[in-house]
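Okay, here's the structure, questions in a sec.
Labels run A, B and C following the written order; every chain starts at residue 1.
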Amino acid sequence: MSAPGPGDRVGLRHGAGGRAMRRLIEEVFLGLGDPVVDGVGLAAMDDGAAIRVGDQWVVMTTDSHVVHPRFFPGGDIGRLSISGCVNDLAMMGATEPLGLTCAVIIEEGFPREELERIRDSMKQACLESGANIVTGDTKVMGKGEVDGIVLNTAGFAVTRRVVTDAGLRAGDKLIVTGAIGDHGMAVMTRRHGLDIQGDLRSDVAPINRLVRAALDAGGDDVVAMKDPTRGGVASVLHEFAEKGKVGVLVQEQHLPVHPEVRAAGEMLGIDPLVVANEGKAVIGVRAASAEKVLAALRAHPLGREAAIIGAAIAERPGQVIVDTGFGRRLLAEIEGEPLPRIC
Amino acid sequence: MAAQEQLLAQLKFRDPEKARALAAALQREVDAIGRDEITVMHVCGSHEQSIARFGIRALLPRQLSLIMGPGCPVCVTDAPEIDEGVALAKQGCRVLTYGDMLKVPGTVKSLGDAQADGGKVDIVYGVEQVIEIANEHPLEEVVFFSSGFETTAVATAAAILRGLPKNLSILSSHKYVPPAMEIVAGMPGSKVEAFLAAGHAAIITGCDCFRPMARKYRMPIVVTGFEPLDVLAAILKTVEMIRRGEHDVANCYPRCVTGPGNLPAQKMLWQVFEPVGGQWRGIAVIPDGNLRLKAEFAAVDARRRFDIDLKGLWDYAPRQLADRCICGEIMAGFKSPKDCALFGKECLPESPVGACMVSSEGTCKIWHQYGGVPDLKEVG
Amino acid sequence: MCLGVPGKVLAIDGMNATVDFFGVKKELRLDVVDEPVSVGDYVLNHVGFAIRRIPHEEVGETLAMFDQILKDVAADDLMAADVLGEMAAGKEKA
């Protein structure tokens, strides 16, 4: 008989959006959900669920938010909670949220002024996205029982067409809707007190209207969508490749990256491809419509830096290859949170 | 605009056209040698990062095998050293370390596990931040688990010489790279014909110190930097020296590395640290491979300040897997991961045993993820 | 090992320097740098310490050395002459 080892406990890496987290979900939670006939259920591990009602789908999603620091350049936990929920719905093709819920767990002693600031940014994000909070729940826990505040949002919307993560075919183009790595780099440099000064700002924003523009331009040719949050664009490309049973070839020079993010990444040894975004989408489009979708994205204020970053290929299904301009490399998924390294 | 000026300078070292010219010349050199297998070892995690990140292996001739040696001070930090940090966290100290140290496994737990258990473990960018944190928590014992080769050790030494806050001590797992290169070079039957030496470590040590080794083991040692052209030009230089039978040192990183090195930094390093023998994870006991604080700095040496309770860690008997790890032979180019009994079974990316599975670019990690070394030239 | 990034010194205050790295700034210590550093110099940063002052002229010299390595190889191997030709052509194009 073996005594409990580290593998028997949940570690932080299990929450970082990579392979470890997917395995934990598969091993522990997937059995919870029965298959959804003609829809998207738990087993799909998509951004949300889709349940057929008549000739439409009801799309649902839920997300809990904890972030340190709670206020960061470009946003705060309130803006994050609304954007995350609205964006998850949008990634399924449901860009007009019918209603959101908001559950909040607050630690005893939490400053009321901070709570009100968080509420104000939630309101602002709702205005930007056209979302409405229709019900909520509040709990207070004792000091030390929860770390400050946890926000949970859930949302629902209807759509006539569901876009999943599994729709890529060889030849499809991959578009990212703007510069990558802004959110994760802004939060990380603050969280770890790295004392790096510069214009590192989170991109946190609801992008349902941007996504609507892409869907209107591309129609049925928009075949895969996902927001590159934890694990970054790398993680999304891996999911696309695995679920679509295709390879993915990315052109590194075409990746939009703000110079400050690139610089901080070089200094800390962190590849922007694995850094979180909170106001971006990776979109798979049939080649014939790629330019049309790109133009529609670029016409929107949140999509000005959109770019075609690569394509799905028939070879090497399940793998992601980066062409660096020098040679090719396989892109690995990150294990756990990206951390600054010394070597 | 400083940023733009820097970018221009950097782009000169990232010119794909020139990279292809260097690669073509490299192919001709290798063809001229006419052998099926030429093995060059680099001993630097950052070289591996840059080779991987820029996809440089795809540019190398088929006959040239560029293998990763014991080049990552984090990966070669042995389990008992991690255990000391984990034990101190469990004893209530606030343990600070570099980000890449967090997931390196100890006998039972990593520092990341200690953090998940509620231990006060945090990551820092450098020793300056450690001093700030110690000053912010004057009532706590703060321990800096300081790792890294001589380059990083110099920063630790400078901070110690300036004087640390009273509540701060150092748990040194610093390593010294030249002795490890000698061990690998001297392994009987080693296939390694030349070394690429680590440019940033050589900023401190200089490149002259490699000359006796080059002569003794009759191999070229080429010091270089980390931009794609630095790496490619150095490989070309190395292969050229192999063909000509030159057993000497070449400096392909003159903008940073000099013959004697950074003398003030060396003075600080040896004022504070002394080399001692120690086990490098999955490799060997390396004589003079570890850097220990000298006796006169006992007051800031966590090993002397605390009674480190290792037994308290072992709630269950530690697995003796490390004994069966063949990372040393993999790094020396004798064996591949498929020769290892632990590979893919007990030794996995999420629970690594040896250095080659710890490092994000380690041979075993790459093999595990992709089933061997992939050939991507023709894809897409 | 040893992640290092070059940056340009913007200001110096005793043993501390403010250094610009491609658009982000960081404070570095100057304790271990090998030579005196002035504003406008390039330094190499490792874990918050400048470990080397990079003389301006040596950046160009390193690039010239790469060309020299190519030439040395070419001198031994006439076949490689067309590599230098390719490079010259590449330069003209740029």
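By our rule, a contact is a pair of C-beta atoms (placed from the backbone, for glycine too) under 8 Å apart; a residue touches a chain by one contact, two chains touch by 3 or more.
No experiment lies behind these values; they were computed from the predicted model shown.
**Q** Closest chain to the protein CA centroid?
**A** B
**Q** Taking each chain's centre as the mean of its Cα atoms, which chain lies farthest from chain C?
**A** Chain A.
**Q** Just give me the whole-number Å value for how far the CA centre of chain B lies from that of chain C.
**A** Chain centres of chain B and chain C, defined by C-alpha means, are spaced 22 Å apart.
**Q** Cα centroid separation between chain A and chain C, in whole Å?
**A** One centre to the other, that is 37 Å.
**Q** How many Å are there between the centre of chain A and the centre of chain B, using C-alpha atoms for each centre?
**A** It comes to 33 Å between the two C-alpha centres.
**Q** Indicate the residues of chain C shared as contacts by at least two other chains.
**A** 1-3, 21-23, 27, 46-47
**Q** Could you say which residues in chain A touch two or more other chains, in rising order?
**A** Each of 195, 259, 263, 269, 341-343 in chain A touches at least two other chains.
**Q** Touching two or more other chains, which residues of chain B qualify?
**A** Chain B, residues with two or more chain partners: 3, 7, 44-46, 49, 71-73, 98, 125, 129, 148-149, 152.
**Q** Going by the contact rule at the top, pick out the chain B residues touching chain A in the complex.
**A** Against chain A, the touching part of chain B is residues 3, 7, 16, 19, 44-46, 49, 52-59, 71-74, 98-100, 102-103, 108-110, 112-113, 115-117, 122-125, 129, 132-133, 147-149, 152, 228, 315-316, 349-351, 360, 369-370, 374, 376-377, 379-380.
**Q** Within the complex, which stretch of chain C touches chain A?
**A** The contact residues of chain C facing chain A are 1-3, 5, 21-27, 45-47.
**Q** Can you tell me which positions in chain A touch chain B when the two form their complex?
**A** 2-7, 9-13, 19-20, 192-195, 247, 249, 259, 263, 268-269, 271, 311, 313, 315-316, 319, 321-330, 332, 335-336, 339-343
**Q** Considering only the defined contacts, which chain B positions touch chain C in the complex?
**A** Touch residues, chain B against chain C: 2-3, 5-7, 9-10, 12-13, 17-18, 20-22, 24-25, 28-29, 32, 44-46, 49, 71-73, 98, 125-129, 148-149, 151-152, 154-155, 157-158, 161-162, 177, 198-201, 203-204, 225-226, 229-230, 233, 236-237, 240, 243, 252-256, 258, 262-265, 268.
**Q** Chain C touches which residues of chain A in the complex?
**A** The contact residues of chain A facing chain C are 195-200, 259-260, 262-264, 266-267, 269, 341-343.
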